[in-house]
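A, B, C and D label the chains in the order they appear, each numbered from 1.
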């Protein structure tokens, strides 16, 4: 294992931040305080963190409608995210974006994106910037199994291969796009092989295992930084909640989610794989800290003011 | 007459046309919903987990089966293109775009293809396709899920554009749209799905291009579409008590447009407010204002008033979004001001 | 060889019709009589004919900007085509379409298409009609090597696999998209392999050999008619003329086209492969007939009237 | 001052900005042209076979090399999306769409992405991207290669839309567009590439949102864009000899729009003709007519006249296409009629 103890602790912290953030949102949303649509990332934490622990703030990621995990992993401020999701002036996008549009360019986060398949074309652009400026940066796009069928995504893969861009295409295969299984929607039933057809290395990894994701991405990032072009990585994982909050998941086996929570929990798996390096006490302490942070983020977000109505006309060139 | 929601009326129109004509097929993401799930095979063989994200088509797969209710991958160009190709060759597909905001990933299949075949091929093709989808703000669905691009659709020659405001209209217009020989873009406002109203049981049609006067009046004409009609009606009802008589014209279809129906009302009132959620520029309000300024100029007693959102994306936060959407207050103020002028 | 003598003669006639039509257009265009853009198909005749000799009028094809060959192969009337290209009232589209929009639904020709990649989504629609009506029809789309990179095409392939539609995706790899070589633009440099990634059988064939195309398409059509789903076929061929009439082809080797005309001429290759069944005299007679037909088509097209200006308002629902 | 064509002016703007700022890159199909050809390696290493299909960018690859002049596959969503992503992260890309008619295959990358980032991300992003492409009918390029969808672009908040009519304007506006921090859609009319005019050698800018009065007059205001400006000028020149004084206002940019510049002219003449190639519905003519009917109503002496194409696709055959395009004759007749009214 190539990671130091502080790195391992950091990885766990990030994963737990996502977990605590999302599970709290689930509760808050049930309470009815949150405007708009919410898509939770719980169960897929190892992907976002396994990817982003390989990146620096000079690297860029582009995300999906299910973007909270990517934001947290890439370093977005949790308070700013929570305030954004609650629609407050103090939010990362000053309340204008919401859950599906959280962005933080200073952290290299190009935005959640509510257009399925929207990120890959943008991310190859960030990769082009890195290549043109010669700064060794990379761009990473996240796309779901459902999104993997979108024309935008295929075009971006082809372009990245043609221009040999430093891009990593992460496919988060959580089994479903809304209520439709990946086995139905993905022609050939194999996102990895389809990506390979575009002429780049592609691997499938266990997306609930932080280490599997981390190592595959590490290799891809290194290749990209060295001018070796793009890579596709399909990370197999599971969505614990509904497509959006409110989906009763009629299409899933009874007891499936309970089983996943028991057997496929990225955090539990991480704990068991790091038993030799990290103690439960250390990890529990992190959880306590993070819980407090999320509590604070929620109370702050609730207390913070909404943006004033006149802000509807700011951040745009038109004054009418 | 039975009272039904707008959502039920949409579904009833689809069901009745599918029953009547087996060439009518539904195509879209999760229009059934639940394919290849992890539930038991028996359960999967019976459920419609989604029936469209807003449950509009729920029940249709059970009734018509997988060859008529076709779940697709997330691939809008292929959905709309497939519908167009099927329409040219003998089916009458109803493609669902879910949110009309997604038109940007697939509009070529309407703009350069379906809309043009009849003309470009010298009258030798028909493309009887309906593309359904949601429009409208008000749910904090944010910038990419709250738009109303019927103005963009309306600028495309060859395509018809329908934007119904009531359960009665949505059923009659959808049936007509499915029977129409030209491609039709059918815009359902999210805020209306729960709206209830009288809807006859039987299949009936409302012709495309005929406006509905939802209020009759003599002082001011308000022209409004979709969710905005109800705001206009509210203003008309309120002001009537004060003796201001407001006529509300709901064109119902953006293209073809009932120009006569609009101009007639303008001729009788001479004062015009147009309420439009589509855009601050190049919107429905502008299109209708231009019609009036060129065709009914001499009837006008005062400037035409356009009430639109600002020229910005739709903001997420509820107070910003409320400031963005044309409001009853703005409409009322505009009518009052016109009466003073 | 599974083809009868009349079938062979018919195939040669069709290929020669295309050849004569296109070479004549080349001349007429130089004369300056033809409005708009012209893209010639010369050199690729074996593909269109190798495909369409497997089809009936109940099968549909969707074409490209370089569509004359496909139209002729699918049975469009040569006089109507020529008149259309000259913009005349007697044209197949009554002068409203022109070279890039010739269509004839009665012949199962869904239209040339000036949007690169435009045909495949439409063709899967025609295939859906066939599948839904259960009439055993198939849909065939033509796409160039350049067009093979368009998102529309990938989406159509995926959809055809998911719905197991009776579609054949023909990729005409003539080496170039405009001035850009296929080796540059196609990620992975292999259209066939990329198509395979979508989960369908895919083969590469020699596109100047009528028989190679014919046999591959035959198998694919049979599979499609029997419910076996889509197939992709990449046919390697050569473009003899510029991308459009007027392109000086700076990007091509000196003498290349002359060499192709000598060595890779689909008609010559056909003649040499059918030496045992067909006599030169028989084939020459066909050429003479076709030449007369094309002559007639051109004189008729020139003599025919333009559409009256008021036709601008016909064939559309609006009256303004 | 040197006389140059519109085409040369475009290229000069690109070259000068690329020289000044190395973050400016060109992206598009065959913007160089000739990659992986069959010519000898030596020849391929030097030629720009196309330089864009109309030769506009020819010479730039030789000057700036492959990392600044980037040939792409035929993949417009990836071109425009890549440009948007590059713009957000530090480059200033100029993406070429070749024909604006192709917007339908890639518009999401403008409509829901580039145009919205600044607003949707609370002011924390800029997307200094230019999307260039051709518009316009007149070449029998038929229904899919002759359109002018600047009305659709103009209805999109967050994006700026430029539609220049002269060599002088096209250079100054393109340089300004490249330096602008917002996404700009830059529409070049095919019929203008050979037009000659005075163009200074040095780099200069013309601000977006400032109209140009190409003719000054007192009787009638004609508002026109792009190729239509020259038709309006011709009518003005002809009628001046008869004592009819026509003012021609070329807004030059559709968005932002020089509302004051338009309204001022209307205030002085009271008679308005708007000539617009974009669309018979929801077009630029309608947008401007609405502006005038709402803001300058009391100055109007007569109905606003809109001269647009019919609400049909662009037909191929030359006589049909000529009947489709707004003509000098129609403009002249409209002005005469206004003077009689």
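For this structure, a couple of remarks:
Everything that follows uses one rule, which is that a contact is a pair of C-beta atoms (placed from the backbone, for glycine too) under 8 Å apart; a residue touches a chain by one contact, two chains touch by 3 or more.
To keep track of the chains, here are their UniProt names: A, C = Pyruvate dehydrogenase E1 component alpha subunit; B, D = 2-oxoisovalerate dehydrogenase subunit beta.
This one's a predicted model, so the numbers in the text were calculated from it and none came from an experiment.
Steps from chain A to chain C, minimised over paths through touching chains, total 1.
The chain with its C-alpha centre at the largest distance from the centre of chain D is A. Chain C and chain D have CA centres that are 35 Å apart.
Distance between chain centres (mean CA atoms), chain B to chain D: 31 Å.
Separation between the centroids of chain B and chain C, computed from CA atoms only, is 39 Å. Residues of chain C in contact with two or more other chains: 91, 93, 95-97, 101, 113-115, 149-152, 155, 158-159, 162, 184-187, 316, 318. Shared interface positions of chain D, defined as residues touching 2 or more other chains, are 72-73, 75, 77-78, 102, 104-105, 108-109, 112, 119-120, 142-144, 157-158, 255, 280, 310-313, 315-316.
Residues of chain D touching chain B in their complex: 77, 101-112, 115-116, 119-120, 142-144, 149, 151-152, 154-155, 157-158, 255, 257, 278-287, 289-295, 297-298, 300, 302-306, 310-313, 315-316.
For chain B in complex with chain C, the residues that touch the partner chain are 23, 25, 67-68, 70, 72-73, 75, 77-91, 93, 108-109, 112-113, 117-125, 157-158, 160, 182, 255-256. Here chain A touches chain B in the complex through residues 35-37, 87-89, 91, 93, 95-101, 113-117, 146-147, 149-152, 175-187, 249-254, 256, 306-313, 316, 318, 320, going by the rule given at the top. Across the complex, chain D is touched by residues 60, 62, 91-97, 101, 103-106, 110-111, 113-115, 118, 120-133, 139, 151-152, 155-156, 158-159, 162-163, 314-318 of chain A. Taken in their complex, chain C has these residues touching chain A: 149-152, 154-155, 157-162, 184-190, 193-200.
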